[in-house]
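Chain IDs A, B and C follow the sequence of writing; residue 1 opens each chain.
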Amino acid sequence: MVANAVFTINGLRKSFGPIEVLGGIDLALAPGQVTVLMGANGAGKSTLVKIMSGVYTRSSGTMELAGRPFAPATPAEAIRAGVVTVHQSINDGVVADLDVATNLTLDRLSGTGSKLMFNPGRVRREARAVAERVGLDIDMKKQVRELSLADRQMVSIARAMAHEPQVLVLDEPTSSLSSAEAERLFALVDRLRDRGVAILYISHRMSDIRRVADTIVSLRDGVITGTFDTEPLDYEGAVNAMLGRRIDAGQIEARAATGAVLSAKGLRIAEGAEPFDLELGAGEIVAVTGLVGVGKTALAETLFGLRTPLGGTMTLGGKPYAPRAPGKAIEQGVFLLAKDRASSGIVHDFDIGRNISLPFLRGLSAGTIMQRGAEQQRARDQIAALNIVCRGERDEMSALSGGNQQKVMVARWMAEPARVFILDEPFQGVDISARRDMAAKLRASAQGRATLVFLTELDEVFEIADRILVMSEHTIVGAHRNGEIDFDRLLSQIAGDGAAQAAATTTTQEKTTAP
Amino acid sequence: MTSQTRPETTSASPMDKNAIIDLAIRFGFLALLVGMVLFFSFASRGFASPQSAVFILQSVAITGILALGVTATLVVGGFDLSIGSVATTAMMAASYVMVVMEQSALVAVIVCLVIGAVVGVINGWLIVYMRVPDLLATLGMMFLLIGLQRIPTEGRSIATGMSLPDGTTAQGTFSEAFLALGRHRFDLIIPNFIPVSVVVLIVLAVLIWFFLEYTRFGRMMYAVGSNAQAARLAGAPVRAYKIWAYVISGVFASIGGILLAARLGRGDIASGNNLLLDSVAAALIGFAVLGAAKPNAFGTAMGALFVGILLQGLTMMNAPYYTQDFIKGFVLVIALVFTFALSQRGKQ
Amino acid sequence: MTISRRTFGRIAAGLMAASGLVSVPALAQDMPAPFDNPEEVTIALVRYLSTGDFFQAYLSGVESQAEALGVDLRVLDSRQDAALQADMVDQAIALGVDGIIIQHGLTESMREAAQRAVDAGIKVVAFDVDVENEAIPQIEQSDRDLARLALEQAIADNGEEWTAAYVYVPGIAPLDRRDETWQEFKERYPGINEVAQFGTLDNPIANSNANQARSVLAANPDVTVVFAPYDEFAKGVKIAVDEAGMSSQIKIYSADVSTSDIAAMREPDSAWVATAATNPAVVGEVSVRALAMQLAGEDVGASVIVPPTLITQDMLLENEITNMEELSVRLPQFAHADVATPEWMPLPAR
């Protein structure tokens, strides 16, 4: 435990209905220290942040700030008490249509006791004082909309610092910044640390963590699974604790591919990222894993024609492949089951049958006229094949459970033979039995096509993949065959050690320009 | 059209005890329509006759056609405020082409259709590529057209023998073929019975209904309107679909304008705002028909008919015009309650 | 038709037009001050309404009479902005104009501005707006006379007993004045049986009224006369009558006229048999003449009424009138009003 902690959490629990999201958190934050909280999606990070910032109330447990009980009922109360949170979405923290000075003093403008008249000169003076306190050097008259994302983030943090908080919570502050921009943010974090602020820094970006962490706390399934505070910090241990390692690898029999279907040479998918090669064979299921934000979705979108690669070439079945739009990719047999079905998969006004038929209407129509009989037959076949629990193909999507909704999405794309079937986080928000059903169906039907699955959770990876690729910093850094996995090497690749070793010897300034 | 043209896509409530409510929501509006016809038939002499039915259809023909067009934009999740002014601009253009430029009816019709299509493309371009919100883009277009239609004649209405800005007198006339679009009647059992505009309305209604319900393009338009990202990821050229929807809307509005010019026999300076409001009301009332809770061609046609019957009946009973506006608004509000109460139920 | 004065005026105007430029000074010596030096007289037309055929024609009348007088005319157009119109009066005062014609507008917004102009020593006349000022004469087209002429023709054609439908939207000043006459006629001739009243200003007005008229005629097939005292109403009723195939049974009487109205009245078997109208160009001319008389120190009285003309289908057919120009030429009583025409007043060339 931290000896001189300014903020402590003891036995904190939070449930939403029957689901327990936080199962007894103990945490202590020391002044002048950056404590990094790592956790996969759904681990409970944001719930914890929301309790600390007064958005949610806890179910049980206690929090203390400077020795006094801390139980904010509203965000304003948390801020007054001295716990300030800078949320992930940058634009939540600033008002784009006002200038920097007004943004920095916004809370005073609207607080009780504030002056009735708006005096630009006074506002700018006050704003300059706020900016100087955090060492921020920005033109006070500029409109926030004209600032870069990093500058907006700085303004948002400086604004938070105007409250003189004892505890500052930064929720994934670099998620939309480039590495050079991020370095400016780190410099600011360093200054705040020197001023004695206790900082809780939420992230799963390894480069951030290496740069700023004094202590790492890993969160998994609502409980803290590891605390690392002795130098040198054990980054692999932290990743391991965050991802868990309870699943037995090799529960499936890895198959070998029969001939290449899709191959990419020298592919580059982000500015400053290393190029990489990729080869997908027929009959194999390849899982791509890596932490959030390492470019998995970018790769999926590149293969599906939603993004143009910055470099490199792709071939499909030996012929050049450069789809300009999803329609072109689909025509050539490359299908993508996109991540987040609610926003990018389900057509909410359509019933199950029409959701299944969506991409392949041409084949289900005579000329331009839909053949409803054929469409319904296809829907019934797919419902049976994927074991979708429903009354019939005319059920609304909203009547289905998350797992069954996702099965409909899988059914949509498995209704026609694919050459390459890409699934981006297909098991998000899916119960375990539906996940097993889908994994089994994917494995059973894998012959004749290449299947590429993007997954963050390792246990899901082991459950489905023949081959495992690891992504870090927008490139592929490792390849493994399921059943013969060197866990330590896999974890260190996920944690980005390859890049880190090169960087460890250089100064932090230089590191920011490296990929 | 029969009353069973739409397939049953609405979800029945999971519990059977809600079956009656579902039935009420699905058929409530059509029942109201039948009830209204019966009421007016007894309350007003001369209402229940084949001639009266044709009157009603004729009185809603132009707004009905505009409403069918705006339905297409509603389907893709958009909106078109410019239809009224497209119609009056087409009316002015037809008159100008014939009276001032002394061209034939065919040229006038083609010019109108081209204007409708071009306005649709520009609306679509503004919305899709310039990212102007649909309401604002089409509002801007509305003002633009209201002004544009006045420019060639310097604010004058166009009629045969009008004097032109340069002081001379226009030599052209409305051709007989063009006026026939507004005045000719087809024989159907009774001679000289069905006006051209009613035939056009029915043909366009069947066309757009079939297009939206039974072709894959129509299906994709619904997908675009419900979840554009999902439609894009299913390979649909979302932008093209949106632009096409505005083109359909523009062309339908210009057809409405042609019929208006043919009926009036001149080109009146007019904003077309009443046409816009009536046709939008028809399309929105259409949401409630058969419990669809979404834009649909059959509902729009029924919505237009509903408003037409209501106004016809009230006028025959000597109700003053402001009560008619009130009742139109009242019906619209009720229909929206039907629709949105219903869609809330669907989401649960 | 009286002779000499106007005929002389017209000949004189014709001569002036023929003799080319700077025609007015030829006669200028005969005119009272300040028109002995007409080029130094400036008048302003401050408009509230400007779009539409009526207002176009009104403006052309103002322009031609101003030209005949040889004065400088400024046109200030507020495009239905009441506040701007009042500002424009002030602007005209600042410009130092000698006279102002206020064309339409709202009493509330114009009363003060008009008073300021009068206080500045400027002569003012007002057309179709009551600015509640005794120093300012009203130019009026008589709506009551319009309705009276049309209804007298209806009595002449149909006798004193008929079944009527009436088109009316309350709350519009000219229509309200026409309605007063209609009510008087119904009292005077109890045989007039009004079975239906309808009407709307939804635009396009003719189209909306056609829809209503269809319903009314279906409900009241015994109607023989429709009184539609506004030409847009009459146009709509005519469409409905044609569509219902009732043109031989129904006669439409209206007010106002335009080229397209003439075409509609001239159609074979047209039910639209008569309309009463004031020529807006003449109203424009009278406005300028009344102002000129004021400037010359003559009294025109509290109001100057421009009398309407009855135009029947028969007149149009006999004289082969197909548009407004021909109407002016072939129905001289329409082309000219014998109002505000003192001896010295030059009249516009035709």
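The rule we apply is simple: a contact is a pair of C-beta atoms (placed from the backbone, for glycine too) under 8 Å apart; a residue touches a chain by one contact, two chains touch by 3 or more.
These numbers were taken from a predicted model, which means no experiment stands behind them.
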item: Per-chain Cα centre nearest the global Cα centre, belonging to chain; value: B
item: Selected pair, greater C-beta contact count between B-C and A-B; value: B-C
item: Computed distance of Cα centres, chain C from chain A, in Å; value: 75
item: Centroid spacing, where centroids are CA-atom means, of chain A and chain B in whole angstrom; value: 46
item: Euclidean distance of C-alpha centroids - chain B vs chain C, Å; value: 37
item: Chain B residues touching chain C - in the complex, by the definition given at the top; value: 44-47, 49, 51-52, 55, 58-59, 62, 88, 91, 150, 154-157, 159-163, 169, 183, 192, 195, 260, 263-266, 268-275, 311-313, 315-318, 320-321, 324
item: Residues of chain B that touch chain A when the two form their complex; value: 7-9, 11, 14, 214-217, 219-220, 222-223, 225-227, 229-237, 294, 346-348
item: Sites on chain C touched by chain B in the complex; value: 50-53, 56, 169, 196-208, 210-212, 214-216, 218-221, 235, 239, 242-245, 258-260, 262-264, 322-325
item: Chain B contact footprint on chain A (complex, rising order); value: 304, 306, 325-327, 329-331, 336, 338, 343-351, 354, 358-359, 361-362, 364-365, 368-370, 372, 394-396, 398-399, 412
